[in-house]
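Two complexes are shown next, each including chain A; its partner changes from chain B in the first to chain C in the second.
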Partner chain A sequence: MNVLKVSRWTIAAFVLPCLLIYISLVFVPILISFYSGMLDWNGIGESTFVGFDNFVKMLTSDAVFWPAVGRTFMLAGFSMLIQLPIALFVAILISRYVRKPNFLVSSYFLPVILSVVVIGQLWKTIYNPASMGGMINQLLIMIGLEEWTHSWLTEPKIAIFAIILVGLWQYLGYHVLIQFTGIQNIPADIYEAAKIDGADGFKADRYITLPMIIPIFKISVVLSFIGSLQSFDLIMVMTGGGPANATDVISSHMYKMSFLSQEYGYGSAIASFLVVVCLAATVIINFLFTRLDKKYT
Partner chain B sequence: MNQSAAIPAAPAVATRRIRFSFAKMMVFAVLGVLIVTQLYPLLWLLLYSFKTNEEILSGNFFALPSQWQWSNYSAAIESGNYWKYLSNSLLVTSVTMVGVILLASLTAFAISRFRWKYGQLVLLIFLLGMMIPLQGTLLPLMIMFSNVDILNTHLSLILPYIAFQTPIAVFILSGFMKSIPHEIEESAIMDGAGVFRIFRSIMLPVSVPPIMTVCILTFINIWNEYILAATFISSERLKTLPFGVNSFVSQYSVNYGAIGAFLVLGALPVIVAYFLLAEKITKGMVAGAVKG
Partner chain C sequence: MKHNSSITIKGDINMGNRRGKWLSFALAGVLAFGLTACGANGGNTNGETPAAGDGNGNGAGAGDGKKVTITFQNIYPDPTDPKYKMIREIVSKYETEHPNVKIELDSLNTDQQKLKLKTQAASKEIPDITIVNPAAQMQPFVEAGLFAPLNEMVEQNGLKDTFQEGILDYYTFDGNLYALPDGNNIGVVYYNKSLFEKAGVEVPQTFEEMVEAAKTLKAAGITPIAIGEKDSWTGSFLFMNILLRTNGPGFLQSVLDGSKTFEDPAFTEAVDAFQSLVQASAFQEGATSFDYNAGENLFKTGQAAMYYMGSWATGGIETSEASKNDNIGVFKFPAVNGKGDPNEFMLAPGSGFAVSKNSEHLEETLDFLNFFMINYPIEAFKVKGAVGVAQNIDEDFAAAGYSKMAVDVLNLFKEVKGGDLSFDNTMNPGTSQIHLSSIQNLFVSKKEAADVAKEHQKAYEDNK
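For the complex of A and B:
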């Protein structure tokens, strides 16, 4: 039981500054966003209240919207089906075979802390045509696969995959680190007990590591999912959603509608959609993992 | 697996050792390849930044530069406002950090140590905010800020940065402060210390480790933040480093090496910090993720 009995004013002095900044700059904007999603407004002139028109337009007649939603979920899917399993596998390998893992894990982690601007521009350079010094195309020419060269970021079918690869690359180390830490925290005596019972090596991983790592794995899933939903910097830096909207995701579409086409009302409607999807995703992932966790514990 | 029991003991041990070392080789091959994929692009950028245009275009990207072109760096620094961007980023990030620590620790203290009804509710409100995407607030914030006329100032970045960093900070700090034994403040009250005194002389010093974690998380997030900066700032002299780097690189096209140099310069502060504090940074980021 907390012992400090203080006056109402003291509580206010401690809590209000932070709470007010937070509510007025995070919550209030979200509410405003929901409201302006119902306006027909270009940001400067008169606004007219149009009810759910913007939302209807978004869901039914915007040719860019659903592909952008699809791409957003594709990002999340690639991250969860490719990046996270690789990260878990690598984390298991490191914790089993590497005696001094710090150097290795910190090296994998280095791209995580770099600004997305640097990462995006770096990979843009890597993807450049060979005639502009792009590494991948130069490599392909060097090993005699000239017909495989592409202008990776300007071909509509390839561009989004080129971007996804960068996202997977940058955050792999984050998930390795998170899951490695999770494995380290599994008590060693469980493995010793299992060894006596004949479960060793990958068998031990199957029956001990995997079930025990579920709570940590959930964190990776939430981070990668929310990260993919909010993926925006990378796309704006690398392609700006182009060529011809071929790499647009929800947030880049929202940004372009709001700030380039000046359709504030419509942009707000997309922003509201994004907020709802983020909240829903977090709730659903938590629900699924609670069930999974119950199954194993 | 089970058949090995049938084989006589000695050969089984031998095959196991061979298998073991082969497995080990494979493991190190995998981990080694991964080191190359994770670090080589960065090394490549470093080499690129020291090459002449001819060397970059020649297609021989493995090669070291024949002469290290430091001139790329001077060209980058002269044509871009690197020092300006850097000092802006330092200013914005440090003010945000101080603001987050101050506000969040006050609130965390109140949530975890005061006897009042709404502590958990306040915490819940903060938790809810962790799931709200920053992009959703861009447009309304811009309109709010243009109404109070602070658009295109550093304040228009610092305020939302503080607001978006406080939830995780409050969460980490209040979690830690809950674990501090109550006897501490009981004896402090006996000695006649007031609430603010307890906060300043006991809680803050004791909470240095989680405060470090919060500092690291805030630093990495805010130092690298690009969207808000690119949306709210338009003056060249106010740009932060990521925004500055991006606008320089997208506009400057004469000299490939200089572009590379600017990217290296853009990454350098964080990399230096990482070399000095790698362990602290990785721990802090994991703590941030796990507790978030």
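For the complex of A and C:
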């Protein structure tokens, strides 16, 4: 690996400051978090060491925890199975049919740079009941589908889907941008060669674009998965995890436990769980894509 | 953190060879790990970092002998709130009299302040003066030994006698007083006179009439009761008033004493009564997605006929659109199923000013707080913010230009014959959270009262 022709010590010296910062800001807090997860502590006064009690409670007797985990993965699933394919499709269309794509891509990207609070408030008004001026419900009434109207954010069975939709909408442009850039970087001569051989249009996409975009697509997958696991802000703004925990995800549950129920130790246990899940997910996704990549290259 | 990705993309695109791929995987892995870590820390470190810088602003002035800086954490960040001006008024007065003392205001909104104080408390670095909620909510802080007793200070300049009788008990633990309240409020029902008239509804004398009134208002196309149930304490506050009627004062205390359980008939009766309100569509649609301000705004803009809230809302309602031409009235929460005394109110002793035990300038801080509290009612009265102040004010409110509604609220205060504190001021935070979400659930789905009772009982036993 020593292509730079400098001594290992020099490399070490240059890497060290960053490494130290990284360790102290990333690894140490994670370890501390694991440790706090083993405390019975309200975050203010004395703490007692209780070993794995918090973890046992979390995994066995917390009625909110597993549904919250389920919703978190649902978020990730929707994001990967619906958002990413749509984004890829849009990216392909843009790169093929649009002459000057920058404006379009930027427009898709716009919601990403808006504050989540703004987006949350915006969609809250859209979802409001008709009597409060909610757009969707008024539209439904206008076209005669009154029985389809719902109080979208407050019916426990529907609320989480209403939030997921907003998340999908917001980050669609983000993934369009990533994948569009990826497609742009596929050399044009490959397509030209394929054209001579008779592969054009969607056939070319099937045999050239899709295999060649895999490394980029992987980034989208990792980002969307990790992003979904951490989703917090949108949920706090739109429903606060309510009604009655029906839209709680791992991180909102963690927040409530740490700061509202003042079970700081227990909250840390949930945080540790989230770290483990994120790590495991990253490893699994990498593994799958390595295999996929090998198959096509 | 999402912006980092562009770097990785470039890395990936530029690297066609195998080594590049490995590197890119590593990069993506590191990136993902970085993201992971960020997210996980959210619960822990994020909160703690600000504490380091903000804990004690007083180190700066300590060098040159007499100069003293006192950090005053407070919850009046809104320049349109009369209290915003008031606190600055008193502070500048004190600073002129004591040129060596500088009061540094750390103004935050309520939720931020709660969070900040908790993180500061975790590292035992709380500001010289801070804000805490009464009774059960301040107990963990007291038990952690963070506050200085105010017993002696409150005797100076006759400060103690300015407070209403009994109010200081909520801030007293083991005979030591640890905080001085900025208010003392009661739960009342505000109503919109013209909307009542429009629907042909009278002020309800019983809870059953209130449910009927809600139905009539609803039929007339008017939202009967506004509530900001996304902040789930609002629904709990109302529910607890129903419980105060079905049981009389002290239900939670008897649960704590072990003489009653949540499966007591008084509790299930309250749950059923509360559900009858929900079933009558008394609250605005989608109530659980309205936060406190959004809920209150429905009432303030004349879109809802009733609003149950602590009397601290008086000032805001007074200046609102709906209140023009004396249009807003107040009434006591009525008897439920013929039970309960309407003169027993939900009591809401306000947030209290507490002093850090480890303050570097304890003496000056206590002296300032004494000055502050003595001037507090005087200045509050001037800016028309004196409804619900915890200290006695012998002034003519009506003559000073207070509205009829404000005077009505003040008259209700005179009829108070005890009552109960809110749930989270009585029970520990763990039980409270489950209670709050359980009551929030009643807004969206019908439950068996017995199940609600069991849920509460289990929560109480788990968190004992």
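Things worth noting here:
As a convention for this text, the second predicted complex is superposed on the first by the 271 of 297 C-alpha atoms of A that agree within 3 Å, B and C clash if a C-alpha of one lies under 4 Å from a C-alpha of the other, contacts with A are read in each partner's own complex, and residues count from 1 in each chain.
Following the convention adopted for this analysis, a contact is a pair of C-beta atoms (placed from the backbone, for glycine too) under 8 Å apart; a residue touches a chain by one contact, two chains touch by 3 or more.
Computed from a prediction, not measured in an experiment: that's the story for all the values here.
In the superposed model, A:14 makes contact with chain B only, not with chain C. In the superposed model, A:139 makes contact with chain B only, not with chain C.
Looking at the shared chain after the overlay, A:90 reaches chain B, while chain C stays out of its contact range. Of the two partners chain B and chain C, it is B that touches the larger number of chain A residues.
Residue contacts after overlaying the shared chain place A:102 against chain B, while chain C stays out of touching range.
Once the two complexes are overlaid on the shared chain, A:82 sits clear of chain B and of chain C alike.
Within the superposed three-chain model, A:30 lies in touch with chain B and with chain C [touch as defined at top].
Once the two complexes are laid over each other on the shared chain, residue contacts for A:254 go to chain B and to chain C alike. Touch criterion not met for A:158: it reaches neither chain B nor chain C. In the superposition on chain A, contact of A:114 is made with chain B only, not with chain C.
Once both structures are placed on chain A, chain A residues 26-27, 29-30, 32-33, 36, 43, 112, 131-132, 174, 178, 181, 216, 219, 223, 226, 229-230, 232, 251, 254-255, 258-259, 264, 267-268, 271-272, 274-275, 278-279, 282 are touched by chain B and, in the other complex, by chain C. Partner chain A is touched in their complex by these residues of chain B: 1, 24, 27-28, 30-31, 34-35, 37-39, 41-42, 44-45, 48, 56-57, 59, 61, 103-104, 106-107, 109-116, 122, 125-126, 129, 131-141, 143-144, 159-160, 162-164, 166-167, 170, 182, 185-186, 189, 195, 198-199, 220, 223-224, 226-227, 230-231, 241-243, 245-246, 249, 256, 259-260, 263, 266-267, 270-271, 274, 278-279, 281-282, 285-286, 289-290, 292.
Here chain A touches chain B in the complex through residues 1-6, 10-11, 13-15, 17-19, 21-30, 32-33, 36, 43, 90, 93-94, 96-98, 102, 104-118, 121-123, 125-126, 130-133, 135, 138-139, 141-142, 169, 172-174, 177-178, 181, 203, 216, 219, 223, 226, 229-230, 232-233, 236-237, 251, 254-255, 258-259, 264, 267-268, 271-272, 274-275, 278-279, 282, going by the rule given at the top. By the touch rule above, chain C contacts chain A in their complex via residues 2, 5, 8-9, 12-13, 21, 24-25, 28-29, 31-45, 47, 114-115, 118-119, 121-122, 140-141, 143-144, 146, 223, 229-232, 284-289, 291, 429-430, 432-433, 437-438, 440-441, 443-445.
Chain A makes touch with chain C in their complex at residues 26-27, 29-30, 32-33, 36, 42-46, 112, 124, 127-129, 131-132, 134, 151, 153-156, 174, 178, 181-182, 185, 215-216, 218-219, 222-223, 226-227, 229-230, 232, 238-240, 242-246, 251, 254-256, 258-264, 267-268, 270-272, 274-275, 278-279, 282, 286, 290, 293.
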